[in-house]
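Each of the next two complexes has chain A plus one more chain, namely chain B in the first and chain C in the second.
For the complex of A and B:
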């Protein structure tokens, strides 16, 4: 079995893990990050795109609000390539409690969140789609953030300081020596190949899986799993983030991010860290609530729905009394298992928000460094991250891709027409994986392949052909790769099978089922007896 | 019942119609029917097609940022994309609005400004007609115009008549005053457009003769360019000024229920639809004017259906090809010229199987687009030549000039045939197709 040795193994390739890997590498620690999937596939990738000003938490969770505004300003400085300065509005309507805005504004002032009162006319001049029923409105320094770009930024930076990241490596068990964790055993989720990593300390940054991972050495880490669903609308109905100015509840935010406008979120308790299904009732709730501030939006075209699982941390005694996840603290906790469980070499970080990922990483890494005896201090807020290789895409700058394409900077055939991905771009990304297997869904996260209105209806089969040629796949492998990709794409459309997207889905279904006969092809070629498309949809 | 973004947003009055045009991009399912139907994408790689530059890139344009694209300039705004879209995407309208943004970002070229001011050149050239016509026929002048401002020397040019239709009409009213009609129901407004006014006044003269033969009292109120040339070149401020003038001058007639009828099918499309959906002039007056505006042949066919059209036609023993211009198709009313002309005994028209003649208003006049324009129109020339036809029938002026240039033959407006069948003539125009006047006209049937 292949064995590797590092100082610290970070488990979890979400925002916190990636920021921690970067932080450790900057402090001169040899670090390896692993994830059971691709990077940014858990809660961080299932994110609404709102870089909080803190305004949303200022009444219910003041400390988190303060952390948000501080980190918001830091991330704008260190990761401008991932952030669009849309600004944000908090809008109260006659349906909302009328004593709330004044209390909220006072709390913002205490927290240091610049909340500027606007007149309803000023707000509508900024965003013409806003309702006429505005009783109070404030402008705050919200922004939208591409979590894929941010994560790639952290990982790229970690690598420049000597760190590394491996994807599709699941931790199957920890290596222990007496009362210390000294590493972990990994399994490649694509090939089944097993590896062993020796590390002086392991950082468990696995978000909703933190309890499962800690359980591998018999520890009991309780987190409250809270599923939140989101819907992306086809176009940017607003160019400024719009928050409901009311106590936190379902359907509070509209986030313009990239080409879409994300409506979020719901809050439903779940027991399964992989529970990312979306109920149709959640879609209805999100559309209904968004329609209060942007009338007509509920009849617009919804592109895709998805859910993420928030790993909320709260001391166990208080958990039972709380009714809704919206009221549970968004604060985070760093658990040093030496103190709590008498087990050295393992630190767990849970809770928090994407906006505070750098701070969570800093505090977790402080504990890790204390265990290692490393005295170096955190410097991740000090200088900008290098722009990651995948990120001159500037996806959050709407016009960038068309501009590049139109000015000859992206030659070659257009494969994904909705999101503007060319054949040479695909081939270059496939080549970047070297000998490693590549799923079409990996290319999606790298290039936004298939993330536009037709949800891979047209680019799916084209990209499968390119992958087939580049990797020398067998016809069966290519068919399964295509099936897995379109299966995953269609999964996010299923809760939206009405109106516009139903028409799109029907056309896509005609292309894949009737014209290409994808189901029949899969039936012809079945090396795996269990349902291939089901396995694919989990990938 | 299925709702659309448009009807809800409309009912809430939060967004104006011009904003709704962009919202129709929501309906696109990427089926590419518009791309396969686009006559321009077919012949040039420079234009990526209506779906790409329309609903697809609409999502990637930022209203507050400079325009990122330029291949859009190769869209002719012919509007076939909007016509064929099975889902109601206003593709041409989205593209034309994006062109305006392009002009806003990069400015309007001198050449495009020049082409957008056809109305001005028509007026200025009239008193200098012999000289102006000589210049336009002079190869050296055309060569210089191509090199200096970029107007193709191969583009078909009209000739100035030397007088205006409006001037002729004023003299008519002075010399032969018409009695006032009893009621507004017998009135009709004639919208002549710039080309009829200064290049082809005979079309206007034949049109009013037909309207009077039908028994209507014709009014020709002051009017200006419809604004379409400015609109197609992305000069929205210019187009809106023209449009606003026309709306103001026509609104009172529309309010009285008087139909506004024009022989330039493209001008009428602009007044009926583009003022609202492209230029965003969707006030009550604009809507009222649009609701009372008709293409000439559409209006005549409507009269026929109402039993008000005299059918005292002399026969015309001819078989002629007919080309339906894109802007006429955009009306969405079929082929009224074919319907009306089928009433004339002996006359057989067959429709040319081609999408577009390629001129698309001012598109085919541009040197960098002339070759594309000719490639688009080539199927028309082929079919006309195969049929051995010397005369082609077509409702819009620039298309007729293009067809003449491509075929070397003559292209006429349908009113020429209708007037000839009615036995109506004007002094300075001899139609290339003659009715059999020896035969008595068919009895007028009112049904």
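For the complex of A and C:
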């Protein structure tokens, strides 16, 4: 069995793990990060996209609010390439408790969140789609943040400091020596190949899986799993983040992300860290609530729905009393298992927000470094991350792509018309995987293939044809690759199949069934298990 | 654009000039209803918001794809057992009559649709991905690809760099099914210009003899020992019959077409020619104008209101054929709350018997039995194709529903939607004009 040695193994390639890998590498520690899927496919790839000003938590969770505004300012400085400075509004309507805005504004002042009171007219001048029924409105420094780009930034930076990251490697067990963890066993989730990594310390940054992973060495880490759903509308209904100014509840926020506008979220208790089911009733709630602040939006075209699972950490006693996940603290915990469980070499970091990932990483890495006897201090807030030039998503803004396409800077056939992805781009991405297997869904995450209105109705076949040629796949493999992609796209629109999107998927389904005959071809052979190909991530 | 002059009157003031029949919808069902009615001597006005699904379908005519042998016999048997099915409602004569008249009409516009020569069985036509579909009737170019009696090897020709046909993949999938298929990629002149090349763009190129020669020169050397040569269905737009024969001649082998992703060139050819035929035969054709509502007095529809250029115009007619295409065409609408409705007349729609729209679809897209919403959302009709209310009584005396407006079949899985469009178009005209009495 292949064996590797590092100082620290970080488990989990979400925002927390990626920030930790960067932090460790900067402190001169030899670090390897692993994830069971591609990077940013856990909660970090399924989140709402909001770099919080802290306004949302200022009443229910003051400390988190303070952390958010501090980290918000830091991330703007160090990762501007991942952030669109949309600003945010908090809007109260006559439906909302009328004593709330004043209390809220006072708390913002205490937390250091610049909340500027606007008149309803000023707010509507800024965002004409807003309701006429505004009783109070404030402007705050919220922003829209692309977690894929941010994570790419952290990982690229970690690599420049000598760190590394491996994807599709699942930790299936820990290596122990007496009362110490000394590494982990990995399984390649695509090939089944196993390997070992020896490490002086392991950082468990697996978000909603943190309890499962700690359980691999018999530790009991209690996490409350709280599923939240989001719906992407096909245009940017607003250019500013719009929050309801009321006690946190379902469907409070609209976030402009790229070309779309994402409505969210809900809060439903779940037991499964991989539970990404979206209920039709959640879609109704999100549309109804968004319609209060942006009238008419519920009749707009909804493109896609997805859910993520919040890893909320709270001491067990408190967990039981709280009913809705919205009120559980977003604060995070760094658990040194030496103190708690008498096991050295393992640290767990869990909870928090994407907005506070750098801070969580800093505090977790402080504990790790104490165990390792490394004295170096955290410097991740000091300097901007290198812009990840190689990031294939660097040109993800649709307008840029269209501009380049129309000016002959992106030669080759247009494969995905909705998101403007060309054949040479696809071929280059496929080549970048070397001999690793590539799923069409990987190319989607890399290039946004199939993420627009038609949801792969057209580009699915084209991309499968290109993949078939580039990877020398068998016809069965290529056909199954298409089917897996199409199935995954369907799952994300299924809760939205009414009106326009129903008609869209009627066309897509007919293309797959009739024009291509995909169903009959699949029946030709027993489908092979596709590994973890349906690991979803959205934005 | 159509030569039709819309009469600009408000619905309330001046009644517009009447016609015998208004057909709403320019899908296969609506177009053919208009053709059949014109052939029967009626004054016809065809009004549609846009063209129908034939612009995106493979272009063949599915009558009963699952039939193992005689297709007509299979449909007859099925209809006898299922009188509530659209085939049952339309009746055998309409099914046979619709198919025959469709073949005659397409022949008349210079596009022949062919059956399998001898036995009335389904053909076996290949798809872009190398799948094999069974269908009864297809335009000549597609029908030439029938794999039923293929003996020698076939050659599939793609265009290097073109996004819409991967001949290698198609050939490989065909070989898995026992068809000896090979692939060839030929160069298009000046490929860099073609980053956004649609099937229709290529088809117009194939109208040029010079272009065909360029293609044939590259293909002929590889075609010597094959039985036939397949191309994506882009062999000519306006001049398709000549393009097909000419290319076959130049290559020295029979040439066939494989349906592409949308746009469907076979569908565009058919639509263009049928529209010209209708105009030449005195029909009014208005495509691009939505009907906003049917105007009803008592149990009769007196006409329809059409929106154009900010005006709403009333067109009167003795009969209205509703061919608005169901869930896809716009004839049946749905919303987030799970409501399912017919927007023009408010006709009673048979909606899925589910608690919430969560049950409209199963979890797996390609589930064999198809999703409930597609089979169920539609209009129930009697044997005169009049929409029925919950009690089974006709709602309006002079409105007939056809094609995909009808409930009781799944156009995505049942492989009979096009046969139903033809049968019901034929039946509606017969009923309206009392030709069947």
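In this text, the second predicted complex is superposed on the first by the 516 of 539 C-alpha atoms of A that agree within 3 Å, B and C clash if a C-alpha of one lies under 4 Å from a C-alpha of the other, contacts with A are read in each partner's own complex, and residues count from 1 in each chain.
Everything that follows uses one rule, which is that a contact is a pair of C-beta atoms (placed from the backbone, for glycine too) under 8 Å apart; a residue touches a chain by one contact, two chains touch by 3 or more.
The model shown is predicted, which means the values in this text are computed figures rather than measured ones.
In the superposition on chain A, A:503 contacts both chain B and chain C. Once chain A of one complex is fitted onto chain A of the other, the partner contacts of A:520 are limited to chain C, with no touch recorded for chain B. Contacts of A:478 after superposition on the shared chain: chain C is touched, whereas chain B is not. By the touch criterion defined above, A:458 reaches both chain B and chain C. Put chain B and chain C next to each other and count what each touches on chain A; the higher total goes to C.
By the touch criterion stated above, A:234 is placed in contact with chain B alone, chain C being left untouched. In the superposed pair of complexes, A:422 makes contact with chain C only, with no contact to chain B. The intersection of chain A residues touching chain B with those touching chain C, taken from the two complexes, comprises 298, 414, 417, 458, 499, 503, 507. By the touch rule above, chain A contacts chain C in their complex via residues 279-281, 283-284, 287, 298, 405, 411-415, 417, 422-423, 458, 461-462, 464-466, 468-469, 474-476, 478-479, 482-483, 486-487, 490-491, 494-495, 497-499, 502-503, 506-507, 509-522, 524. Residues of chain B that touch chain A in their complex: 2-5, 7-9, 12, 14-15, 19, 23, 25-31, 48, 51-52, 56-71, 87.
Residues 56-58, 127-133, 161-166, 168-169, 172-173, 175-177, 192, 194-197, 259-262, 327-328, 330, 333-338, 356-358, 360-361, 363-366, 368, 373-374, 411-413 of chain C are the ones that touch chain A when the two sit in their complex.
Contact residues on chain A toward chain B in their complex (touch as defined above): 128-132, 234-236, 239, 259, 295-296, 298-301, 397-403, 406, 414, 417-418, 420, 452-454, 457-458, 499-500, 503-504, 507.
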